[in-house]
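Labels run A, B, C and D following the written order; every chain starts at residue 1.
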Amino acid sequence: MTKELKEECGVFGIYAPEGSDVAGDIYYGLVALQHRGQESAGIAVSDIRGEKGNVSIKKGMGLVNEVFSEEDIRLLKGNIGVGHVRYSTTGGSVPENAQPISMNYIKGSLSLVHNGNLVNADELKNKQMYRGQAHYTSSDSEVLAYEIISERLNTGSIEEAVKGASKKIKGGYAVIVMSPRKLVAFRDPLGIKPLVLGRRDGTYIVASESAAIKSVGGTLIRDIEPGEILTITEKGVENDRSGCGGKEAHCVFEYIYFARPDSVIDGIPVREARFHAGKALAMADEVKADVVCGVPDSGLIAAEGYANASGLPLSFVFHKNSYVGRSFIKPTDKERQTAVHMKLNVNSSAVYGKKVVLIDDSIVRGTTMRQIITMLREAGAAEVHVRISSPPFLYPCYYGTDVASSGQLIAAEHSNDEVRKEIGADSLAYLRIEDFRMMTGELPLCTACFSNDYPL
Amino acid sequence: MTKELKEECGVFGIYAPEGSDVAGDIYYGLVALQHRGQESAGIAVSDIRGEKGNVSIKKGMGLVNEVFSEEDIRLLKGNIGVGHVRYSTTGGSVPENAQPISMNYIKGSLSLVHNGNLVNADELKNKQMYRGQAHYTSSDSEVLAYEIISERLNTGSIEEAVKGASKKIKGGYAVIVMSPRKLVAFRDPLGIKPLVLGRRDGTYIVASESAAIKSVGGTLIRDIEPGEILTITEKGVENDRSGCGGKEAHCVFEYIYFARPDSVIDGIPVREARFHAGKALAMADEVKADVVCGVPDSGLIAAEGYANASGLPLSFVFHKNSYVGRSFIKPTDKERQTAVHMKLNVNSSAVYGKKVVLIDDSIVRGTTMRQIITMLREAGAAEVHVRISSPPFLYPCYYGTDVASSGQLIAAEHSNDEVRKEIGADSLAYLRIEDFRMMTGELPLCTACFSNDYPL
Amino acid sequence: MTKELKEECGVFGIYAPEGSDVAGDIYYGLVALQHRGQESAGIAVSDIRGEKGNVSIKKGMGLVNEVFSEEDIRLLKGNIGVGHVRYSTTGGSVPENAQPISMNYIKGSLSLVHNGNLVNADELKNKQMYRGQAHYTSSDSEVLAYEIISERLNTGSIEEAVKGASKKIKGGYAVIVMSPRKLVAFRDPLGIKPLVLGRRDGTYIVASESAAIKSVGGTLIRDIEPGEILTITEKGVENDRSGCGGKEAHCVFEYIYFARPDSVIDGIPVREARFHAGKALAMADEVKADVVCGVPDSGLIAAEGYANASGLPLSFVFHKNSYVGRSFIKPTDKERQTAVHMKLNVNSSAVYGKKVVLIDDSIVRGTTMRQIITMLREAGAAEVHVRISSPPFLYPCYYGTDVASSGQLIAAEHSNDEVRKEIGADSLAYLRIEDFRMMTGELPLCTACFSNDYPL
Amino acid sequence: MTKELKEECGVFGIYAPEGSDVAGDIYYGLVALQHRGQESAGIAVSDIRGEKGNVSIKKGMGLVNEVFSEEDIRLLKGNIGVGHVRYSTTGGSVPENAQPISMNYIKGSLSLVHNGNLVNADELKNKQMYRGQAHYTSSDSEVLAYEIISERLNTGSIEEAVKGASKKIKGGYAVIVMSPRKLVAFRDPLGIKPLVLGRRDGTYIVASESAAIKSVGGTLIRDIEPGEILTITEKGVENDRSGCGGKEAHCVFEYIYFARPDSVIDGIPVREARFHAGKALAMADEVKADVVCGVPDSGLIAAEGYANASGLPLSFVFHKNSYVGRSFIKPTDKERQTAVHMKLNVNSSAVYGKKVVLIDDSIVRGTTMRQIITMLREAGAAEVHVRISSPPFLYPCYYGTDVASSGQLIAAEHSNDEVRKEIGADSLAYLRIEDFRMMTGELPLCTACFSNDYPL
């Protein structure tokens, strides 16, 4: 599904002993989370020895390694910090919307990073403006920050303020707040968005995915629970579980596409989920084929699962040119035809004369899939059978996934056979919603985009 | 062998009908050849309607998409052109050594791109200097250009001058020369360096690899023969085979590592060669294992061959972070330990408790391999058996491959078992020189770096 | 006084008929005001046809022509706009403090540019924070914006909100506020900071200096009065003079140093003021000299006045190298001695053997003056008599001029004769406070930095 | 004559004791010569301890402070060096034509900087090409370098090779050549282009103007003589005067416009020459006026001379905005009318109601002068009398001054009165050729562009 679905955001927070500098760790953590957002990146650090939060911040448009130079990292001094990579869901692709958001309020500085979407942001923002609170951005993360600040005026601590604010906000979110001497991490009560806690000696780390903790040499402790508010101070970790224990609905797309395969989310290794999705596809399949392959990189592990269950050989059919990146000059319409092979090309000898099972994780508009199948046929593939490791994408997401409106979803407008013809496949089959159980077991899922069953 | 061996250079030439602009095609061709050199890139184009060669040139340090903007490409007007990506073999990593080299001489402009190495460059350069020919660079490509220019003073055409020069130069080379109205491509008599001819309607294309021809919508016609001089003019293609027919010695490392798997070189698909190297490894193997995997990206296809021959399941064991690129801030020594996982991380669930066969294409210093094996063990692998899809690397290359002196080659200094211990593997085996026959059949090879049998 | 005193800020606002684009005019206006601030520059524009203020904004660190490209200007679409050049007085030299400040509040967008300093900013900011208003910057301009927003919640229009806010703020200021459909300009009741109104056909312009109006082809209408609130809408200009008519105290340093000589401020041409300061110096002088010269560029016009009154010839004694700019590599300490002549050099033939009267506008630390006098003596000057076209600088400024604390002012710590010896002059004399009358006639001045007589 | 005439080039060479680094001195020297060329800049240094000339070089398009960073200067290690600022006369404005030219030839490296123009470059280049010498640039400086290299093959030293080459080249030139262990400076036999020798302790400096020597703390020793070849080695300075003693013809435009007023060229202070040109204009004048002013910066010193001889007061009539630089966004045609005042504005109070004498150094096309006169009249000037401190510009220059062909010279096509009307002046007068004697005494001049009397 080569990049037709946009990931949203990745968050990273760290609390090291006094005197340490954490900006380097945040940099590596954000690079490890870069797949979750390539539009902007930012880091804010604070030195606990400073008064009322002496925050240093740097953010900008682009990839982590485009935004930060070595000197930038060196100048970001402090032992507490938060970082963010962003793909815009609300608020537009403008520099002002880059995170962390960092404000000064009556108790000092507050810096915030946020993955997710508030469904009642407009309503809350209107109330805030009637209180005279001006907005510098159009993001709902700023709305969230103001809710916390407003609560803080009438509560005794930042964690109580977060608790008060969390009762007012609705949606899917994973948030890390840095106050002058504390790091507060919290997750929506349904657990839609992932958030994990890790440790490296005396340093605590909070991140969207466990792979980011590992990237800085840390060890995963556990997932932060849906509804939990976790506070890290000099004394260690405290938490408030009064918001926990309700209905849960974890976003299934983290397992299908968003998360890295080497991450473990809510107890389940992402690679295992994808591998078993592939197995489920094979077990429901009756096609006679010669070889199995996955679309790089999103379909590879499901292809491995399919090969495992079907007994067919798994093959590296595609050569991906890793130098075709963001700054690559796009071919003109005239050249488009000739430039299909730039990013992905077929190793012809692997498919010539063969019946091919081709695995990908989803079909959004179908354009890319049609081009890939054309390439396989040009390389001599006898048949191309497409298997998708998720059900058809039918309904919009309100919790932070940038899926186009139904009108742009090919499966919402066309029958299965129409889609098959459109992409030029010999057969087309999807994972069934009931197969999710093979992927994630008993874990309660949000499958609204497939099932129209919204948890909120 | 993650980038311990440096590729050398990629060349691309194109001759389109009068009135066309070829800079865009060269750009895409060079991106397709980017794996052959990331140090500098350059394009020179000439308009056949201009007098005596009105050459526009742009070159610079960095990747193709860093060197060229859309405006650069638009400003490079002309229907004939050459392009180059470079990794320095001789001449040092300085802007002056970027190619194409473009000079004006008595017959107008001459632009040249060159992959390879002249073994008698110093001797020729000395003679040139005694003729008063000054050198602006320290590269042997400039020596080659001067030989052609000198010959041109006493011959009737550029192709005759090339013929004269080719009798004086020794080494491995694939060269494209652009004169005001012609494109001349030639290859060393042994065929050490690859060079292919392709076509797209009335446009002729010459490139280091067939994948570059495909990337611009062209079709591979044939390899340029060792010793052949091929001249493209308005009238079409002519050639001189008087230098052909001698002993051949094609560089085996093109098949093992340099070339893209989707290229076909001297009639053999590179993917097939790698797949059969993996098969050969498996057929000589007696290890009992649970799973096969390859080091991304250089060991993947050999792993597929190994799985195919051994019947063991092939698995995607590694997650490669594609955002860890050139501009990534390197971890400090202190952080190095914690940052091993940045570029490559293990999907633990794929190897936990398993005996793993790990395939890579070569071992140079062994450092990276040791780190990878450590990661596999940390992820719970029970055993790690390393299989290398080439023989031990023992002797230096004089024909253009940037291999360190023998002292840096771990296999040259240590026994097989010492290397195994150094990298921490349970067993270690290499491809045997006699197995090359499984890869490339009857094709005569240069295997000097393994066998000490130098063709020149 | 070569740049030892920092200017503060320049503001520019423009209201053109619907459908026009004003960003280009703002660009030229800011270049004309660049002498007032070189640290950052910014432009915000709004299209009156947009709903509730569709503001486009671009700001950054550096000179106007460094911050804005042609494409930036083209993308800034709108017929109303404000611009700013800044030298930091409060808030530190950081990107966040660049102006315009642009916020969204309950009535839509509000953009603000500000020259000056609020003396009660801390007190107001504290109150704002107790209302839950978070601050993104450390500048007092944000405090001012929040006062206006807070007033707007309880008033019927932006101009009434400005009126309410202006009753709460204290200090010297010239401000332009852009709301979705209006431009509101106002000036502190004492008239410390300058602000003028101009016109070009149906377009109204407000700026710190009349030279900026002229630079865009406009004509000066009049000064905005101290305490006046001027509102520009589609219907034209309205104003509220209820705050006018009190005591006035115009900053005398605008005439001595800050403003361009071709500007007219509060009815007095700046050049005339400087010319007459030079005349006053000559009329009080008894020195016998051969030639008069001014330190470029700040002392030139006073030198002309001195020459006029004394009858001595005026000479271009100094060659200023206009290529020694911001990005010039500063000489190391070792080279400093030899590099004194880089920026300013003496035309030796103009002073050899002569008694020289040397005019400058002020002495802050005295370092530059000492170097200049050394140069004159090396060039053969027989005597050097320094005349300063302002009184000794003795007291700090609280209204927005970046003067160092008294400890750094050479005149505050040393007697006149000590200063003369320190700079190496044969004689030294200053303008007397009573001479200001020759410069500016009856205009009421703020002379606190010379007289300790603070108007607030 | 605000920049309608282009300067050409500035050269700088330095020879310091072994172990010193000279790149910093060259940087400052080039900044001091920046007025002679703003198109490109370059520095080459060599360490005498290196073998056969280990040259480090950096050059690029733009101003000296745009081309060189602090790190660039630090990395340029060596005790001998040459530098260059360029305005293109031949060869086009392309990066390849930036100097120094640096080549390797049979005796090691040769780096060359050149101010001037060879009139027989095409003929020499053709011969070189027949010898097989390829050209990388289109500049005549490369032709010169090849002549020296060719001579060196048959002579015993670099200075002898220079001597041989200097017999073959024709034109105006000042050249510095750096060979591995020597610096050779030479000047054309007529002395058209300036070149001076200076010293700072044990370090020797050669430069286009004495102001560059002073900028690095050195002292002017003497002019290099027309036709002299001066060689600096470890042992000191040697010279060959066998080419001296012929007819001389020093370019009068160095005194009128090119050189800095604080330079001394061929024994005459440039400021003195300009001052006396102004005096000569006044002595020949009968106009009744109130005030004298010069167009900044080129007319200022002549205005001082005019004021001195006429007794009229000298006034700073113009305010020049020093922030309107190279990267300034040019006004569109529509805005041009309104943007005349951006770079230069009139201090109205200085000219209102007055009869003004306006001095400039030349009129090329007349466009700028017409705009300036319009501004003066808008500011209320009663009369504007233009006086030009050089004769009418009638003939082209072949020795290195970038003057347009006669067709573009307003004075070549129109009568004095037509020009006066065209620029809108009340009267117009020029310096007479016979007045040059007041400027430069007995010094033999090249006045071909005024007199059609070409020395070659």
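We adopt the following convention: contacts are C-beta pairs under 8 Å (C-beta built on N, C-alpha and C of every residue); 3 or more make two chains touch, one makes a residue touch a chain.
Small disclaimer: the values here were computed from a predicted structure and weren't measured.
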Task: Would you mind naming the chains that touch chain C and likewise touch chain D?
output: none
Query: Taking each chain's centre as the mean of its Cα atoms, which chain lies farthest from chain C?
result: B
Message: Please tell me the distance, in whole Å, between the geometric centres of chain A and chain B computed from their C-alpha atoms.
response: 37
Message: Could you work out how far the Cα centre of chain B sits from that of chain C, in whole Å?
response: 61
- line: Averaging C-alpha coordinates per chain, one finds the centres of chain B and chain D separated by a number of Å equal to 49
Query: Taking each residue of chain B in turn, which ones touch at least two of the other chains?
result: none
Query: For each chain, which other chains does it touch, given as pairs?
result: A-B, A-C, B-D, C-D
- prompt: Which chain D residues qualify as touching chain B in the complex?
  reply: 102-106, 110, 126, 129-136, 138, 145-146, 149-150, 153
Message: Under the definition above, what is the set of chain C residues touching chain D in their complex?
response: 24, 27-28, 31-32, 34-35, 63-66, 68-70, 73, 200, 211, 214-218, 260-262, 269, 271-272, 275, 297, 300-301, 304, 307-308, 313-316, 319, 321-325, 327-329, 331-332, 335, 337-339, 341-342, 345-350
